[in-house]
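Each of the two complexes below includes subunit A, the first together with subunit B, the second together with subunit C.
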Partner chain A sequence: MSRIIVGPFNRVEGDLEVTLDVENGVVREARVSASLYRGFEQLLLGRPAADALAIAPRICGICSVSQSLAAAAVLRAAQPIAPAPNGLLATNIAHAAENIADHLTHFYVFFMPDFARAAYAGRPWHAAAEARFKAVSGAALREALPARARLLETMGLIAGKWPHSLAFRAGGVTRALALGDEMRLRALLADFRGFLERTLFAAPLEAVTALSTIEELDRFADSAAGDFAAFLRIARDLRLEEMGRGPGLLLSSGAYFGPEGHRFPAGLLDTKTGGLREPPLDHIEEDVSHAYMRDTAADPALSDTLPDIHREGAYSFAKAPRLEGRAVEVGALARQAVAGHPLIRDLLAGGGSTVLARIVARVLEIALLAQAMEDWTRALAPSEPYCAPDAPLADGAFVGFVEAARGTLGHWASFRDGQIERYQIIAPTTWNFSPRDAAGAPGPLEQALAGLCVGEDGATNVAVQHIVRSFDPCMVCTAH
Partner chain B sequence: MAAIETFYDVIRRQGVTRRSFTKFCSLTAASLGLGQTAATQMAQALETKPRIPVIWMHGLECTCCSESFIRSAHPLAKDVVLSMISLDYDDTIMAAAGHQAEAILEETKEKYKGKYILAVEGNPPLNEGGMFCIDGGKPFVEKLKWMAEDAMAIIAWGACASWGCVQAAKPNPTQATPIDKVIKDKPIIKVPGCPPIAEVMTGVVTYVTTFGRLPELDRQGRPKMFYSQRIHDKCYRRPHFDAGQFVEEWDDEAARKGHCLYKMGCKGPTTYNACSTVRWNGGVSFPIQSGHGCIGCSEEDFWDKGSFYDRLTKINQFGIEHNADEVGLAAAAVVGGAVAVHAGVTAVKRITTKHEG
Partner chain C sequence: MAALERGASGWFEELRGFGIRLLWHPSVSEETGEEARAILARVESGEERLGALCIEGSILHGPEGTGLFNKLSGTGRSMLDWARALAPRADYCVAVGSCAAFGGVPAGAPDPTDASGLQYSGVDMGGALGPDYRSVKGLPVVNVSGCAPHPGWIMETLLALSLGRFTQADMDDYGRPRIFADHLAHHGCSRNEFYEFKASAEDVSERGCLMEHLGCKATQAVGDCNQRAWNGGGSCTQAGSTCIACTSPGFEATRGFHRTPKIGGIPVGLPLDMPKAWFVALAALSKSATPKRVRENARSDHVVRAPTPGAEKKKP
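Moving on to the complex of A and B:
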């Protein structure tokens, strides 16, 4: 048995290291380590509750709106207000823009460049992949980055500045969009649809979201000219549908809360039995047995986050969140599986949660969200309120959930006299890249890497890169 | 990495035309507040001088600076700047992985001794021997000191590298420490903001790599060209401040009319940055335009100065009842009282000058 360390990883958000125990060329055990800690849960204490809206987003420069919205959700839970419908719509538009931007970055900047590596030089698709996707110099980047920047101008219209926007409140958004803004939004969205339909999909969005079986996806791979189809053909050759199988439990807390409820509903899906139920969100616990943290309550509503870098057996700054004692996977795959998208359900039935299913779900979600943004923009009523006034904050313990690009994000807070008494955050990658728990049960990525055949390559095996990146880790959120 | 390669070679290799290149030089010179002569100088320098390598390192941070940077409004500026710097080392976007990436650092350090720019995003935490930010098995602070040794100058990106930012907020659990408190023997330019504006970042990095020196800095080490005015001085809501018209509640009638956000806690009157002129997301907007006050994210200690929603109490307001003459007289007294940084000073100076003249 040999122990090898993969990392530091480039092209991920933040610092990450993975330790692999390899025996006869096969990964026996993997340990994932978040190696950066700042202490947000400590420094939020004692501050005015509303200040969480300016501090929490600074956990992450990539998913800052998600952090803002989770803080707004926990503040909303503590006050008797009904948010303005326009405010919810504008929030959803901005949040979708951020999440699409994250998905696009993942596809073009973080994930696809691995196919341009020299390790694949012998494959028939390699030269094309290198020209198109190679890190920094690939042609696709020059199309995707400007399209992404233009999409994020919607963030300018709604939230002023991004990342670390300030416009999001418990009652809605601080800026009322005038008719002219709405027209600009529509123009931006039309431009973005153009990019997707020309470059990423080379097909109408409606044709992409209507794909419902693996057979249809295969036909799409062979007939379409875009970057997504190129990925599908590479994936078929490399058998990505067999790679990086997760724990099989998929969680979504419900995404894009609007006047008519969530656009993508909440749920917990067991991919082995196909059973879908309401997620038991009050049965979330955090285990610190392998984290550089002092012992504390398991319930996030009662726990502290105080580091202890000398802790015996610890290997990560991330705590290990568990739902009813089990490791669960979160992200676009979980959201679309719970929402019942037929293509995603078919992929799960075929091979469980794997690298292929994760990437397809993320790219599919780009198409779904681009359409949702158009719907939300049409539903705006310029003369109606955009923000309900704040009401006095109740004392007590509250929780707020949102779905960030990478999955379920929860903020647990206790308030007293308008001040923050306790604050706990469980981010998507805390779920996906959790370390082991007290029972020794590994986190989702650790499970996905176990059993991988790395052969002679050891740490340099590219499959390790594919599996790790298929979760689109955000390490600065993981331990914060 | 050929030693004699110029920026212009790199740019042309990236497929940028001569015409776009000259346009880039003019635009950049303009954004830096320099004239057409500077554009010509810039073009000449980029064509003839060896490319200056930029190493971009990440410490304790959230990557918001990189995120801002890659969305610079002028697409060519971003492309050109990216092709300048990405040849070297940036662990968020680069192609190389793991120890191969470490080798790039080693090589640059040796080959370009005293000639490369070290751009730092985030800062080193010093508690527990630096173990709260581990990079390649070693504390980031060690890597930072090691790369700083042979750098020509250091760019401290954002509030983290410049001042510490929210991770240094009380009780500063990891003892997150700004760059200039750790590296004391190198020229450091601070580009604060959380994050800094993309065009400010591209402007600074272009200036430094083109001319091989830092632009003119203020006493706090910030480039004067972008940080010499307060948000308040150029705020489009300023007339409403002067007229005493204020937003009292989010999205109220006054908010819809675009009145001043001072009473909602806006820190524009004490914040030096270019948000109200350059703006964000491609010049579309900035926080005050989104109906929310400025929180002063480019100022030192902005995170520990009371609530973001408390109104500033140490600034003078001009009430609606005063005419310009009265304002001028009152303000002259204030200036005489040597109150240096508060709302209205710029306007005051202008008005008093008019009086004297």
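Moving on to the complex of A and C:
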């Protein structure tokens, strides 16, 4: 048995270290470590409640809107307030822009460059992948980065800037759009659709979101000229549909809350049985047995976050969240599986939650959200309010959930006399990259790496890179 | 990651156009794990020249001075240790963001990780590298503050450094590039007319000035936020979301970002350089002169009364 430490594990957001115990070329056990702790939950205590809107988003430079919205959701839960419908729509447009930007960054900047590595020099697709996707110098970046920047102009219009805007409130957003703003929004969405239909998909968005079986996806891979089809052909050659299988439980708390409920519903899907049910979100617990944390209550509504660097057996600053005692996977795959997208259900039936399914779900979600943004923009009501004023906060314990790009994000807060008494945050990658729990059960990534054949390559095996990055981890959110 | 918004053909093309080579970047470089450690080792030994060391994030000294709240993964060493090892090798050292500059949000009370900036702890010089640190080319740490800093502030500072056009005279008293620190966030604010007449917003999403009631510190914070576009045309104040002075050391100490603290009805934080008596007198005068249009729009979320200047009277 040999132990390999992979770090700094880059092209992810934040600090990540992965330790692999390898025996006869096969990963026996993996341990994933979040190596940064800043203490945001401690920083929030004793502040006026609304300060969460300024502090929480600063956990992360790329999930900022999601953190703002979770804070707004927990504040909304604590006051009798009916958000302005325009405010919910504008919030969803901005949130979708952030989430698409994250998906796009993941695809072009974090994930695809691994196929340009010298390790694949013998593959027939390698020269093309290198020209198009190589880190920093690939031709695709010259198109994808400006398209991402143009999409983020949504933030200039709705939230003033990105990241870290105070525009997102319990009652909506602080800026009301006028007719000219709405037209600018439509123009930039049209630009973004153009990029997607020319470059990423080389096909109409509607044709992409209508793909419903693995066979149709295969035909798309062979007939389309875009970057997504290029990925699909590489994935077929490398058998990414067999790589990095997760725990099989997929959770979504419900995404994009609007005047008519969630655009993508909440649910817990067991991929082994196909069973889908309401997620038991009041049965979330956090285990600190392998975290650099002092013992505390398991219920996030009652727990503290106090670090203990000397804790015996600890290897990560992340706590281990569990739903009814089990590790679950969150993210675009979970959202679209729970929402019942037929292509995603077919991929899960074929191989479970794997590298291929995660990437396809993420890219598919870009197409779904680009269309949703157009719908929400059309639904804006001219001259109607964008924000309902705050009402006095009730004392007590409250919770707010949103779906960030990477999955379920929860904020648990207790307020007393308008001040924050407790604050707990469980971020998507806290779920996906959780350490072991007291029973020794590994987290989703740790499960996905176990059993991988790395042969003589050890840590430099490219499959390790694919599996880890397929989750699109955000480590600064993970331990915060 | 803010820098990724730069450039008509993307940030990487912009860097290439100026001959700037990214030696290693945790979010975008191909090299990972062992390959990345090898690059860091070459820089540390002096084998590889380092034009600029750009650091993002507070430097964490805790627990107990070990720095172990932030290890650079895979190296077993803290970022505190790495910053001290690499900064002396760099032609220039750049703190990207208010965390790396001054400590930022993590340094707020109760400062759970003993956080500082590279060369400042809040307003005090010192930080991780100490007050006497100078880079190879003789500059203290260049503090591109902001939470987050504008992509333009980062890129223009790097360009000026790479072209040898940036000297100590181009930094303000807190080491911030005068590229943005010569201005106040207030300059060019789209709410200027409301400010002039002290026609103030009193609740969220109203169009009036945010200073009197809603916590806006744009008259006290450096930044050209309202002179250059953020994300194609926005700014915090334009979005009604209040300036929290994120370019300033210690901005995180505020309690109640959304409310203006007052004594005797007068905001505690007055515009920089402005004598209090003058402010009070001018405010009273301008309030009494506020046009109806300005007064009504200040309390509305949409424009309810458009300007109808006499000079534009229709000819019969």
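We take it that the second predicted complex is superposed on the first by the 480 of 480 C-alpha atoms of A that agree within 3 Å, B and C clash if a C-alpha of one lies under 4 Å from a C-alpha of the other, contacts with A are read in each partner's own complex, and residues count from 1 in each chain.
Here, a residue touches a chain if its C-beta (ideal position, glycine included) is under 8 Å from a C-beta of that chain, and two chains touch if they have at least 3 such contacts.
This structure is a prediction, so every number in the text was calculated from the model and none was measured.
After superposition on subunit A, the partners subunit B and subunit C collide with one another. Legend: residue contacts after superposition of the two complexes on their common chain; A:Ser470 is shown touching neither subunit B nor subunit C.
With both structures placed on the common chain, the touch criterion links A:Ser303 to neither subunit B nor subunit C. In the superposition on chain A, A:Leu36 makes contact with both subunit B and subunit C. After overlaying the two complexes on the shared chain, residue contacts for A:Leu16 are found with subunit C alone; subunit B is out of touch.
When the two complexes are overlaid on their common chain A, residue A:Thr408 makes contact with neither subunit B nor subunit C. By the touch criterion defined above, A:Arg58 lies against subunit B and subunit C together after alignment on the C-alpha atoms of chain A. In the superposed model, A:Gln424 makes contact with neither subunit B nor subunit C.
Contacts of A:Ser289 after superposition: neither subunit B nor subunit C is touched. Counting contacts by the rule stated earlier, residues 5-13, 15, 17, 35-40, 42-43, 47-48, 50-51, 53-55, 58, 61-62, 109, 113, 116, 134-137, 142, 145-146, 148-150, 152-153, 155-167, 169, 171-176, 307, 309, 317, 385-387, 389-390, 459, 465 of subunit A appear in both its interface with subunit B and its interface with subunit C. Those residues of subunit A whose C-beta lies close enough to touch subunit C in the complex are 5-13, 15-17, 33, 35-40, 42-43, 47-48, 50-51, 53-55, 58, 61-62, 105, 109-110, 113, 116-117, 134-137, 141-142, 144-146, 148-150, 152-167, 169, 171-176, 178, 184, 188, 307, 309, 317, 383, 385-387, 389-390, 459-460, 465. Across the complex, subunit B meets subunit A through its residues 14, 58, 60-68, 70-71, 75, 78-79, 82, 86, 91-98, 101, 125, 128, 131-137, 165-167, 169-174, 176, 194-195, 249-251, 255-256, 275, 279-282, 284-293, 295, 297, 303, 307-309. Partner subunit A is touched in their complex by these residues of subunit C: 1-2, 4-13, 22, 25-34, 36-37, 57-58, 60, 63, 66, 68-75, 104-106, 108-110, 112-113, 115, 147-148, 203-205, 225, 229-242, 244, 246, 252, 254-259, 301-303.
The part of subunit A that touches subunit B in the complex is made up of residues 5-15, 17, 35-40, 42-43, 47-48, 50-51, 53-55, 58-62, 64, 84, 87, 109, 113, 116, 134-137, 142, 145-146, 148-150, 152-153, 155-167, 169, 171-176, 307, 309, 317, 385-387, 389-390, 459, 465, 476.
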